[in-house]
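Please go over the structures that come below.
After this come two complexes, each holding subunit A, first together with subunit B and then together with subunit C.
Here is the complex of A and B:
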């Protein structure tokens, strides 16, 4: 396999985007990514579109987006890995370039969730598990799946609901500094604690919102990347794993086994010792669909040991300047979670952070030139961990 | 768009849904809630019908406060993960109690209940739920 780098990124405003169709929304992200890379549609050899759909009515979103965006007759496919679809698209685009099938590939994530009423979107999310045995018979919703993890974690380690709330407060703080975020308002622990229960112990402010948005990245071969930019962001390692559809077959509810496996693979490929990860990475984008998910991620990704994640949140160690800055764009919680766009949005943020293109208040200090993205589909059903770096991989 | 299940999907699951009967691998002991030809863990073909014990232990639970159409009438409701004495974990609703009455580790018994209604014809779906033991 050859090497590949991100050479262009684009990102729309996240929020309720009733002003645009799905294809228009995708195009706005694509246009920005192409301009950022200094190329046109004609330079793109292959396109992968991430879209989960259901709430929006387009069954062939990849074709629609390609035609609207003037990408011509190049090869294209749509990928689905639930909330990790965006990272699946990046992996497919990366593989096309690294295997030398394509010189330049485009990964696009787009989702229009507000096309459907909220309860229908909630229902569709709840079906993202083992439909018959969890959703239909027992009424488990998507927040309820993660609530089972939250109660298990709280019972095992003595974490408090306030510790989960601290994650929401942090991510809303950074959302308030990100002009592309769905929610740009700071909140307090009290705001979280007084919000209504959705699935005990998770409250409204523990949950990420239903959001529309799109993001795009241009991935190029090494030769092409050198021609296009002097700051390519190399894809140094992608780890991918999965887990059982039915939660009752999970080993325990204190972490996501798929994240651990994906992280181990990504660290190994990037040449990072997992126990050193927290010192090698300048920042991380983790999958905070619910506050508990961010705490589990701290442990599954090896930032801290088992049972220590909630203390990291409580002590503010994942703010800028702490042990490791996490979700400086507001995360899924405040930036929003347009399912198919989320993984690509994480990549855009990782690249902009490494290039130091963010407003100072939410720009991480880039010392080693490494960033990690962690993208989960369902309740750990799919997991993708990707490591980006300013440092070119050494030849293997 | 309708997302309701249909009668055949309930019919296929009736052994487990009505009687907690599933298929146990005679070689490795793995329990399956649906009929299978091959064990999902060890690939053995020796599977025998078995009824789970009616007393289980509560592992973990949540209280659902926001649900979709088919469960809206019951809000809020409790969904628990329970474990049989030999380690089979299953999910189910917990009834006849308040969330405050529950604690991980406590014993529950199975009961046969109306789960909800399905489809435009409002077909009644029955199945198992769990409840604290009545002394």
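Here is the complex of A and C:
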């Protein structure tokens, strides 16, 4: 396999985007990514579009986006790995370039969740597990899936609901500094604790919102990347794994096994010792669809040991300046979670952080030049961990 | 959470407003209720109801109707399958056997669903639980309990078959043992 780097990124405003269609929204992210890379549509050899859909009207979004964006007759497909679809798109685009099938590939993530009423979105999200044995008979909701993990975790390790709330407070703090975030208001522990229960023990402010948005990244081969930019951001390792469709077929509810496996693979490919991850990484973007998910991620990604994740949140160690800065863009929690766009949005943020292009208050100190993104589909059903770096791989 | 009837009335009222506006303007374009952006209201409603094959695990449902709970088991690999399945991907065979479930287990985790999907909006808040059965496999279902403070992780639970009302189909519930 050859090497590949991100050379262009684009990201729309996240929020309720009733001002734009799916194709319009995607195009705005694509346009920015092409301009950032200094290329035109003609330079793109392959496109992968991430969109989960169901709540939006267009059933064939990938080809619609290609047409609207003037991408011509280039090859394209839509990928789906639930909330990890965006990272799946990046992996497919990366593989096209690294295998030398393409010189330049484009990964696009787009979701229009508010084309349906909130009730329908909740209904469809609840079906995003095992439909027949979980939803049809027992009415699971997306928060309920993660609440099952939260209950087990709290019971096992003695974490408090306030510790989960600390994750929401941090991510809303960084959301307040991110002009592209859905929510740009700071909140307090009391705000979280006094919000209503959605799926006990998770409350409204423990949950990411229903959001529209798009993001795009341009991935280029080494030769092409060197021609296009002085600061290519290399994709150093992608780990991918999965877990059972039925939650009941899992051994425990204290962590996501798929994340552990994906992380191990990504660290190995990037040459990072998992036990030293917090010292090697300048920042991490983790999948905080719910506050408990971020705490599980701290442990599954090896930032701390089992049962220690909640203390990291409680002590503020994942703010800038702490043990490892996590979700300096506000995360899914405050930036928003437009399902198919989320993984691509994480990549955009990782690249901008490594290039030091963010407002100072939420710009991580870049010392080693490594950033990690962690993108989970469903309740650990799919997991992608990707490591980006300013440092080129030493061997291909 | 609003009741199903209330939600249905809200939707019907809103669609009526759309219709009125359309009569005037000749276009199904209305302001978005939250942002006021002009949006085209889809005039082709899509209704979905799936037909799900159960032929190969029919015994499970026949058992429910008799008040019994079955799990499938691969005798070659000694693996239990719950939810039941007719194929064993471990031995590549479909030579599974049907075992009656003991019904005794321990609670692994649970949640109370406060905000329900629309298709469950007619139910009051329900407890979803996962228990490990004495055979070693887990079951996810609703847990019937009169007092939420009586539920705790690790407690003994038992499985029972009951009708889910008002839908009227037989299904399984966990209960304190």
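Basically, the second predicted complex is superposed on the first by the 395 of 396 C-alpha atoms of A that agree within 3 Å, B and C clash if a C-alpha of one lies under 4 Å from a C-alpha of the other, contacts with A are read in each partner's own complex, and residues count from 1 in each chain.
The definition used in the following text is that a residue touches a chain if its C-beta (ideal position, glycine included) is under 8 Å from a C-beta of that chain, and two chains touch if they have at least 3 such contacts.
Note that the coordinates shown come from a computational prediction; the quantities given were computed from them, not determined experimentally.
Once the two complexes are overlaid on the shared chain, A:247 sits against subunit B and subunit C alike. In the superposed model, A:35 makes contact with neither subunit B nor subunit C.
The wider contact with subunit A, measured as residues touched, comes from C rather than the other of subunit B and subunit C. Looking at the shared chain after the overlay, A:16 reaches subunit C, while subunit B stays out of its contact range. When the two structures are aligned on the shared chain, A:197 is found in touch with subunit B and with subunit C. Residue contacts after overlaying the shared chain place A:134 against subunit B and subunit C alike. Subunit A residues in contact with subunit B (one complex) as well as with subunit C (other complex) are 119-120, 122-123, 126, 132-134, 136-141, 143-144, 147-148, 150-152, 155, 196-202, 246-249, 253. Here subunit A touches subunit C in the complex through residues 16, 18-19, 57, 117, 119-120, 122-123, 126, 130, 132-141, 143-144, 147-152, 155, 196-202, 246-250, 252-253, going by the rule given at the top. If you check the complex, the residues on subunit C that touch subunit A are 7, 11, 32, 34-35, 37, 39, 42, 52, 82-83, 108-120, 123, 126, 128, 130, 137-142, 152-154, 164, 171. Residues 1, 3, 5, 9, 13, 17, 33, 59-71, 74, 76-77, 79, 81, 89-93, 99, 104, 115-116, 125, 127 of subunit B are the ones that touch subunit A when the two sit in their complex.
On subunit A, the positions that touch subunit B within their shared complex are 119-120, 122-123, 126-127, 132-134, 136-141, 143-144, 147-148, 150-152, 155, 196-202, 246-249, 253.
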